[in-house]
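Both complexes shown next keep chain A, but they swap its partner, so chain B is in the first and chain C is in the second.
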Partner chain A sequence: MPDVTDLYHLARAEHASAFAQGPARDRTAVSDAIYRTVAWIGGGIGVLVPVAIVIYLAWHGGSALTPEFLFDPPRGSSLDGKGGIWPAIKGSLALVGLGLAVSLSLGFGGAIYLAEFNRSAMLERVSRFCIESLAAVPGLVYSMFGYALLVVALGLKISLVAGGLTLGFVMLPLILIATHEALRAVDSGVREAAHALGVSHAYLFARVVWPIAWPAILTGIVLAAVHALGAAAPLLYTAATVFTKDTLGLGKPVMALPTHLYFVTSEIGATPYAFGTALVLVLLVLVVSTVALLLRRRKEV
Partner chain B sequence: MNMPLPRDALIGSRADAYALEARDLTLSYGASVRVRSATVAFPRNQVTAIMGPSGCGKSTLLRALNRTLELIPGARVQSGRVLLDRREIYDTDVSASWVRTHIGMLQQRPTPFPMSIAENVLFGARYHGYVRDRETHAQRYLALVGLWDEVWDRLKASADTLSGGQQQRLCLARTLAVEPSIVLMDEPCSALDPRATTVIERLIRELKRDYTIVVVTHNIAQARRIADHCVFMLDGEVLAAGTRDEILLDPQDPTVRDFMSGEIG
Partner chain C sequence: MYDTLGDALLRRGSLLALCVAVALLALIVGFIVSESRLPPAPGLSLSDFLFFERWDPSGQPPKYGIGHAWVATLLIVGLAVALATPLALVIAVFLSEIAPPAVRSLAEPMLQLLAGIPAVVYGFVGYATLVPLLERWLPTGETILIAAVVLALMVLPFIAASAAEALSLVGRDLRRAGLSLGVSRWYAFSRVTLRKATPGVLAGVILGMGRGLGETLAVLMLAGNSPIFPDGLLSRGQPLTALIATDLGESAIHSERYYALFSAGLLLMLSVIAINLLVLQIKRKFIGAGRN
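Presenting the complex of A and B:
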């Protein structure tokens, strides 16, 4: 084995010869330039794609956005691109709201248990694996599951409540993972300091751990809600109807923006009416994200 | 309410603090024993420094003294006793919460909670119902750690706006506001600059009139400045314990002598 001093002298000699060759600025400058170019291209595409989508939709569907389009039900007896999309907007909001109620209670409960009470590393690994697998399940599979369990077995029929529960299952893993990660990321020293004051676990959780984790949890909730808002597949077999002028009801089928877009486009093609529907969906997503961002900003000050 | 409180009136006004004692204490994480048969006495109203190289078990021992060790998954007390003024803190009818209110703790890094300066101070005290008047309670303990003059005009500001040294004193005020008898400190100055360290060390020397203080440190110079008694640990065992001068100036154990002379660290 070489002596430590040998290694030291070897390193010194290498360093001296590198120094004699002059500054190696060219190499670092080239790699810096490559890195900068790749970063700009990647970042640029990331910004351009969503902006281009909004501009494209606004270009083709902007003219459709009239008060009647937003606040009237569709006219006629089938999808002919007349009238408005108000029932679909209402339906989407109701479905996501119902889904959030389900996924927040289950997701928070599971994440809080795993992060705060569970002491078995095995249970944590196994449940995280299952939840992460659940997050990767395609929407249509959720839809079939919702159909088999909720619509048929539990007799909920194709309805708002069946669709809302199915969207709840879609959001559950996203919310659970985000909440679990956020709670786990809270500095253990802060936890220990709070415990060391002799306060109860519930008190320190509510006043210290949760407020620290909240911004990250909120981000997770928004991502899940926005994902559910745009998901057509989970609703296809559980809640969606092509056309209804009826009021909202838990036991009744509903219209939703993404399924409406799907039906309209397959029925009458890419008309301003279809683009308008897509534009409303995207704007709704933007509004939800922006409100959440503002909420988070206010919380951080 | 911006009149500075006379700190002399605050210090030395309490009854004698309790003594703390570990007897034959063996602590383990999972299957590995971290502290073996440690017997140490921490005399009342004195500063005791627990010293030793990294990984010697000094922080583990400290956490067993106020039952925060049991928060760490896998960590447990295998055998032995910890006596708070002759009362066994691991008895089944003694709650961890009771132990922790009497034996407070200061972390290595400042750990401000996400709330205002005043609410930080009152966090534990309010839970235990010690706060009759918020303003005077907060003021009393901020003054005790010498922070009142620096923050009296921004009590509602977030604790994150304070400097590291101020945050550490805020955490000390938060611990003292629960009115413990004993304060454990885990390398309380290791994240601080020299000036903030000086302030904390001066506080430790003053506060021993009212509290029994146990400080974990691997800094010999710091132990010399603040400690009355020293405990030296290596590989989970207590190699030497005694007054500061016995351990620092005239160590009998050759390993302790090597550590003190800087041969090992």
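Presenting the complex of A and C:
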């Protein structure tokens, strides 16, 4: 890091005009005012865009939100914008729930090993690279993988179980990373104190480390679940169907909110039914992520 | 070594879970590789598949070329990142040096919410607002341009968060030292802070590109989804992800078309992993340099 004096002499020699007095100082004040204004405008845009999207959807879709819309299946034999979206809500919750079962067990396990037992810096680097690459792999590639492995090779067909597993794979790296970071952030003094009392590693972990890390882990889980809830691409070729009146079943294709919105938009365009679907999806996502952010804030205080 | 059965179980079980998680990456890469053929059909050269041939799988003879999809992907992602980066930098400056703490603690979660809105909702909102707007002047509103504008909004929070982190990391001290010399804020930012923070900002931009490359639903709904070489920003196009999402359902398993789509998926996945590696490298170097 350059010394302040060096910086001063360097700047002074190279850019003498910037240090001028009198009118030049006023120019600096004007420039600062513009700088601040532009920054406030940019920040304002960043804050207003999500608000504007929600208000826009609420404006056009709010009137569609009736109890029948939420709790009835679509009517007719194809998507014609009548009836409700209950099968899609139910399907989304089932898919995310199934995915959580997969991703929590593997994600917790992997993170616990890395944070609590692993002593090899090499193993940590390699695993973190693999996990972070997994987190970067696009949802569509997960869909292709789920299609080739689960749907075709393992013969699960396009079904709730294939889609749930695929969503589990999507969430796994997110949950593993969040858990690993949370466990790593636990003060090592706490561990040492417990060790000094002679408790077993498992006891120390279950009674001391895990409770401290839990709020951050929970936030990570909720954010991963929200991501999965809104993800249409992983479901396209693993679970999603355009229209079903059938009950939920592990081996049967399901409707899901994000794919439903896509299918509805491509079949009948931006109708009130589509606006209502989008609004329900966004509200679910926003409410759940707000809860997650509040959880995190409470932990920080 | 082990005090109790619990210790042994926790250790073995968690190691197993880690192995499965890491193996998943190998499994995904392996499966996509095993389902792809380069080139996908006999008599088709690799360069024709990648660059020159048209995409017409139901023609006689069928043609498998993904050049049009690459061009559309690069146009959309390039334009989206170019549009998002300046605004992201302004937001990053706002968050890291202008915003009072109270405003900052409101603005940061809002950015996270922006990042959390599902892609399909962005696609839908773009479809309901920007597409009809453009159709006042053009025969079709579903264009490369609209897809890029919406994608810019989607990658904005990622670039802004990365850039804000990099700018804060460079730190108040250096900026204040500059300001105390009486230079303008812009001067201190452009000559001192930004220069120090460039690698971090760059990492954010590249991260945004990675997100954009793999983004499916929004570009599928907005870019027009026609398998033609786009001849400009106001032309329809079909990015790689849209091509795969549209055609996979119509291709017979282990047909030439299926191999062609998985080869496209393989290229997509490898470029995203390469981008991820690049970001990690930049970050490691940058954070390493920052500590000295």
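Definition applied: the second predicted complex is superposed on the first by the 242 of 301 C-alpha atoms of A that agree within 3 Å, B and C clash if a C-alpha of one lies under 4 Å from a C-alpha of the other, contacts with A are read in each partner's own complex, and residues count from 1 in each chain.
The criterion applied here is as follows: a contact is a pair of C-beta atoms (placed from the backbone, for glycine too) under 8 Å apart; a residue touches a chain by one contact, two chains touch by 3 or more.
Being a predicted model, the structure only gives us computed values, none of them experimental.
Enquirer: According to the stated criteria, A:Ser63 is in contact with first (chain B), second (chain C), both, or neither; which is it?
Expert: In the superposition, A:Ser63 contacts neither chain B nor chain C.
Enquirer: Thinking of the overlay built on chain A, is A:Pro211 touched by chain B (first), by chain C (second), by both, or by neither?
Expert: first
Enquirer: Once the structures are superposed on A, label A:His195 by its partner contacts, choosing first (chain B), second (chain C), both or neither.
Expert: The answer is first: A:His195 touches chain B but not chain C.
Enquirer: After the superposition on A, what does A:Phe129 contact: first (chain B), second (chain C), both or neither?
Expert: Touch partner of A:Phe129: chain C, not chain B.
Enquirer: First (chain B), second (chain C), both or neither: which does A:Leu114 touch?
Expert: So A:Leu114 only meets chain C here.
Enquirer: Contacts for A:Tyr203 in the overlay, against chain B (first) and chain C (second): which applies, first, second, both or neither?
Expert: The answer is both, since A:Tyr203 touches chain B and chain C.
Enquirer: Using the touch criterion from the header, give the chain among chain B and chain C with more contacted residues in chain A.
Expert: Comparing chain B with chain C, the partner touching more chain A residues is C.
Enquirer: State whether A:Asp187 touches chain B only (first), chain C only (second), both chains, or neither.
Expert: So A:Asp187 only meets chain B here.
Enquirer: Across the two complexes, find the residues of chain A that touch chain B and also touch chain C.
Expert: On chain A, the overlap between the chain B and chain C contacts is residues 200, 203.
Enquirer: Spell out the part of chain B that touches chain A in their complex, as residue ranges.
Expert: So the residues of chain B in touch with chain A come to 66, 68, 71, 73, 96-101, 104-105, 107-109, 111, 113-115, 123-124, 127-128, 171, 174-175, 178.
Enquirer: Note which residues of chain C are touching chain A in the complex, please.
Expert: Listed in rising order, the residues are 2-4, 6-7, 9-11, 13-18, 20-22, 24-28, 31-32, 35, 87, 90-91, 93-95, 97-99, 103, 106-107, 109-114, 116-121, 123-125, 127-129, 153, 156-157, 160, 174, 177-178, 181-187, 189, 191-192, 210, 213-217, 220-221, 241, 244-245, 248-249, 253, 261-262, 265, 268-269, 272-273, 275-277, 280, 292.
Enquirer: Under the stated contact criterion, what part of chain A meets chain B in this complex?
Expert: Residue list for chain A touching chain B: 119, 121, 187, 189-200, 203, 207-208, 211-212.
Enquirer: In the complex formed with chain C, which residues of chain A make contact?
Expert: 1, 4, 7-8, 11-12, 15, 18-19, 25, 27-28, 31-32, 34-36, 38-43, 45-47, 49-51, 53, 56-57, 60, 105-110, 112-114, 116-117, 126-127, 129-134, 136-145, 147-149, 152, 169, 172-173, 176, 200-203, 205, 223, 226-227, 229-233, 236-237, 258-259, 261-262, 265-266, 269-270, 274-275, 278, 281-282, 285-286, 289-290, 293
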